[in-house]
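Below you'll find a set of structures to go through.
Both complexes shown next keep chain A, but they swap its partner, so chain B is in the first and chain C is in the second.
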Partner chain A sequence: MSSLRLLAVSWYLQFKMILRSPFDGIGNVLYPLFFATTALFVFRAGHSPRTLIYASLGAAVMGMWSAVSTSAGSAMQRERWWGTLELLVAAPRHFSLVMLPATLGLATVGVYNLTATLLWGRFVFGIPLTITHPLLFALSIIGTALSFGGLGLLFAVSFVRFRAAWVLGNFFEYPVWLICGFLVPLALLPGWVRPISWVLAPTWGMNAIRESALGGTPLPDLLLCLALGLGYVGAAVLVTDRVLYDARGRGTLSLT
Partner chain B sequence: MIVAARIFVVGGLTSFRALFYWLTPWIYVPTMLIAPIFQILLFAYIGRSAGLESDEFYLIGNALQYAAIPCLFAMAQMVGGERYQNTLSAILVSPAPRIPLFFGRSLPVVINGAFVAAFSLLVGALVLGVHLPASSLAPLLLIVLIAAFSCTGLGLVNAAASLRIRENAVLSNVIFGFLLIFTGANVPLDSLPDWMGTVAQGLPFTHAIKAAREVAAGASLGDVRGLLGAELLVGAIYGVAGYALLRWFEVLGRRYATLERS
Partner chain C sequence: MAAIEAQELRRTYKTHTGTVRRKLKEVEAVRGVNFAIEEGELFGLLGPNGAGKTTTIKMLITLLLPTSGSARVLGLDVVKNAQEVRRRIGYVFGGERGVYERLSGYDNLRYFAELYGVPPKLQKPRIEELLELVGLKGREHERAEGYSRGMKQRLHVARGLLHDPEVLFLDEPTIGLDPVGARELRSTIASLTAGGKTVLLTTHYMFEADALCDRIAVISKGRIVAEGTPADLKRGVDRGRVLEVEVYGVEDKTIERVRGLDGVMAVSVEEREQTQVLVVQTQAEAELTSAILGHLNGGQVGRISQREPTLEDAYVALVTEE
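So, the complex of A and B:
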């Protein structure tokens, strides 16, 4: 119970901090919107049977991913800059339980990105927002956000030994946009890319959101997305233990 | 004259080398050399998915437009980096003539921007299997250089804004986003609303991208001289406007003691 309270309070604190950060709260919301707009123009001018609502949903999840990928990679780096990393590591709670709210906070901004992009598509491009399964749609968004938070946590703890961790977070923005089927069907990509897409929760989150909006069976995709998200959290806990053990042994936590 | 030339060359190079104090290969390679390839691939595949235009269209558009990242960010860093290292006041209090001071810092940025765009164009062509005729490579290199010059002009405006705005990274990203939409890098200009097509005529890259596509399709440099002239003119106008803004904001910064506001 106290772990849940820690998660909730830390998430709220992190979310408030993100909202007051010009880069995370404004830049990370605006930036993917430019890509979404470009993609919607391309689809509107194109001759594809894929509808604008297909593109709009994909562009919306792109924004959601951007919010997490760009800043999650440097989540621990920020604590290091603020001088709070050592304090958090020394706290009696498992460190991953302290970091997870930071990436969940970013994923929450991602939900805002998703909503903003859908509304942008509705009011600027006139794309109708008809959701076939509203409840499943909402669940798919929440499930996808949670799994993004899990993947963000894995990024955060994996990149802690890199001084340029923020670059690695940025680096994963385009590839995930490309190979997780947000705007490009997986069938169009080379065959060797698909197994990589399958182990990425955004692929299944995108499927679940699209299936619930356009009509289909989103539950299997949603469950896969959540299962992968849990897997990322489990992997992140193991990586955290290893990285912190190593950093303590070598005295390299601060990287100074 | 010699002093001005020294400030232009040595000052510019020193400032640019200082940029690499933090822009190490760990940052340079992913952001400048790999990310543009993924941007090219992303839009080439979106184009395939949407059934709009060829791979060559997206390759050229995005390779050139990505020069905006080095040009805009490095120019903003010209002010932001000096402020961060507490050297901005020392530079602006010096009697150094401002034209070589500011434009000297722009020249290495132009060269780096052109290198990033040229690298993206060549590697993107290899990855996507787009054939660029050998005869078009030298003209394309010149076009890339002109595009980088033009965007560095806009970067100078961005640098000036950095004297008044703390969040120059956010501003640079926003300008990059506008260039992505408006310049025809991914959306043919005739598919954009008329007003956007009109705005595009006054932005860096619009004319260079069009010229590059025509050259890749077999046109000669002479055939696209009008487009290149327009691109140079756009860059020069932004450069002059950026210089004027830098001087104005410098005066304001002194008057209100806000140079070090960070």
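So, the complex of A and C:
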């Protein structure tokens, strides 16, 4: 119960900090719209309304993923700059439980990115926003955001000993757009890429969102997405102890 | 049972030199430190920058693993029982970092109250009580980014006390504070031991350690070079004399020559606006004024004075010894 309370209060305070950062705020408002505009211009050349909706949903999840992947790495760096990382590690709670609200806060920003991108597509590019299964669509977005939070946590705890953690976060941004089929169907990618796509929750989250919007069976994809998200949290819990022990051994916690 | 105990505590850092031909270099930050602090005691770890104070404290609060040796806090090993140690200690460091600037002071405390598992019903009264204690009442709902350095420092102290820890580690808590702010903080620290807490304080201000601590250990180059009550340390130099010579640009080789004179116990140079002051501690019976002036021959010399040694001189003598 106290862990749930910690998650809730920390998520609220982390989200409050993100909202109060003008720099992050402008980035979060503008970046996804640039991504979406580029993608929609490219796909509009194909003259297929269904392809355009496909691209619009892909661009929306792109923005959501970018909010989490780039910031999960730099979230740790920010804690270092602020001098709070050591305080968090010195707290008696498991570090993964301390960091999860931070990455969930980023995923919440990602939900905004997704919504803004869809509205941008609707009002600027005239892409119809007809959702076949609204409830499943909403659940798919929440499930995808949760699994992104889990993957962000795995990034955050794995990168904690690196001073340039934000570089690693950026490194994972664009490959996931491609590997997880945000804009290009997985069938077009080489066969050896697919196993990588299967272990990445964004693949299944993207599928669930598309299936629920365009009409299909999103539940299996959604469940797989959530299961992988839980798997990432489990892996993060296991990785945390090892990584922190190592960082305490090397004395890298306070390096900026 | 001692509240804090360090036995042959050592910490080595590995670092690299060079860019293309990188060479591994080992730096010994702490070289076999021993001390024991009793419950309810305010113990000072005193030393210059880079002496190993912060490294020692970080090993005790479980943020760094010792390279060898052992340390126990409230009977718990800091490596094997790290989580339990964290639950029972508080940690406060000096400076403006360590605060969530975009949150209010109140939200900062609320966040750490959750992290330290303070029961929800107790959080509000506890935060109110601590805001009162550190003098932040009335400013708690302002964002921390607008706080002065002193206010941030007091917020640190409140954070460190949220879960009512039995042992408190204070790492240079008054660094950079103005005299009034530092005095207020020192009086808060003094009140903690009155409440039964064990406090380990690191500082490089001799007068601070003298005013607050029951016992002091002087650490220099990773080793404890003296330990005792402030009175014990003062006794170490009370038979000497101090000669102060105003100089204008003294060279390192001149200082070394003065240090090599028979009867000289320690030499240091203090910067004072336009001038420097060569501070030479000598044995009481030694008359070295003309010999020292002889070595300064050729350089401009100003006022010369002699005085009785202070506790600060004892500290300087200890940390400048090879």
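Quick note on the criterion: the second predicted complex is superposed on the first by the 246 of 256 C-alpha atoms of A that agree within 3 Å, B and C clash if a C-alpha of one lies under 4 Å from a C-alpha of the other, contacts with A are read in each partner's own complex, and residues count from 1 in each chain.
One rule holds for everything that comes next: contacts are C-beta pairs under 8 Å (C-beta built on N, C-alpha and C of every residue); 3 or more make two chains touch, one makes a residue touch a chain.
Keep in mind it's a predicted model, so treat the numbers as computed, not measured.
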{"item": "Which superposed partner A:Leu189 touches (first chain B, second chain C, both, neither)", "value": "first"}
{"item": "Which of chain B and chain C A:Thr84 touches, first, second, both or neither", "value": "second"}
{"item": "Chain B versus chain C as contact partner of A:Arg93, first or second or both or neither", "value": "second"}
{"item": "More chain A residues in contact [chain B versus chain C]", "value": "B"}
{"item": "First (chain B), second (chain C), both or neither touched by A:Arg242", "value": "neither"}
{"item": "Interface residues, chain A side, partner chain C - complex", "value": "2, 5-6, 9-10, 13, 16-17, 20-21, 82-84, 86-93, 98, 245, 248-251, 253-254"}
{"item": "Of all residues in chain A, those that touch chain B in their complex", "value": "22-23, 26-27, 30-31, 33-35, 37-39, 41-48, 50, 55, 162-164, 167-168, 170-171, 174-175, 177-178, 183-185, 188-189"}
{"item": "Chain C residues within the chain A interface of the complex", "value": "11, 13-14, 61-65, 83-84, 86-87, 91, 93, 95, 97-103, 107, 110-112, 114-117, 120, 143, 159"}
{"item": "Chain B to chain A touching residues, read off their complex", "value": "24, 26-27, 30-31, 34-35, 38-39, 41-43, 45-52, 166-167, 169-170, 173-174, 176-178, 180-181, 186-188, 191-192"}
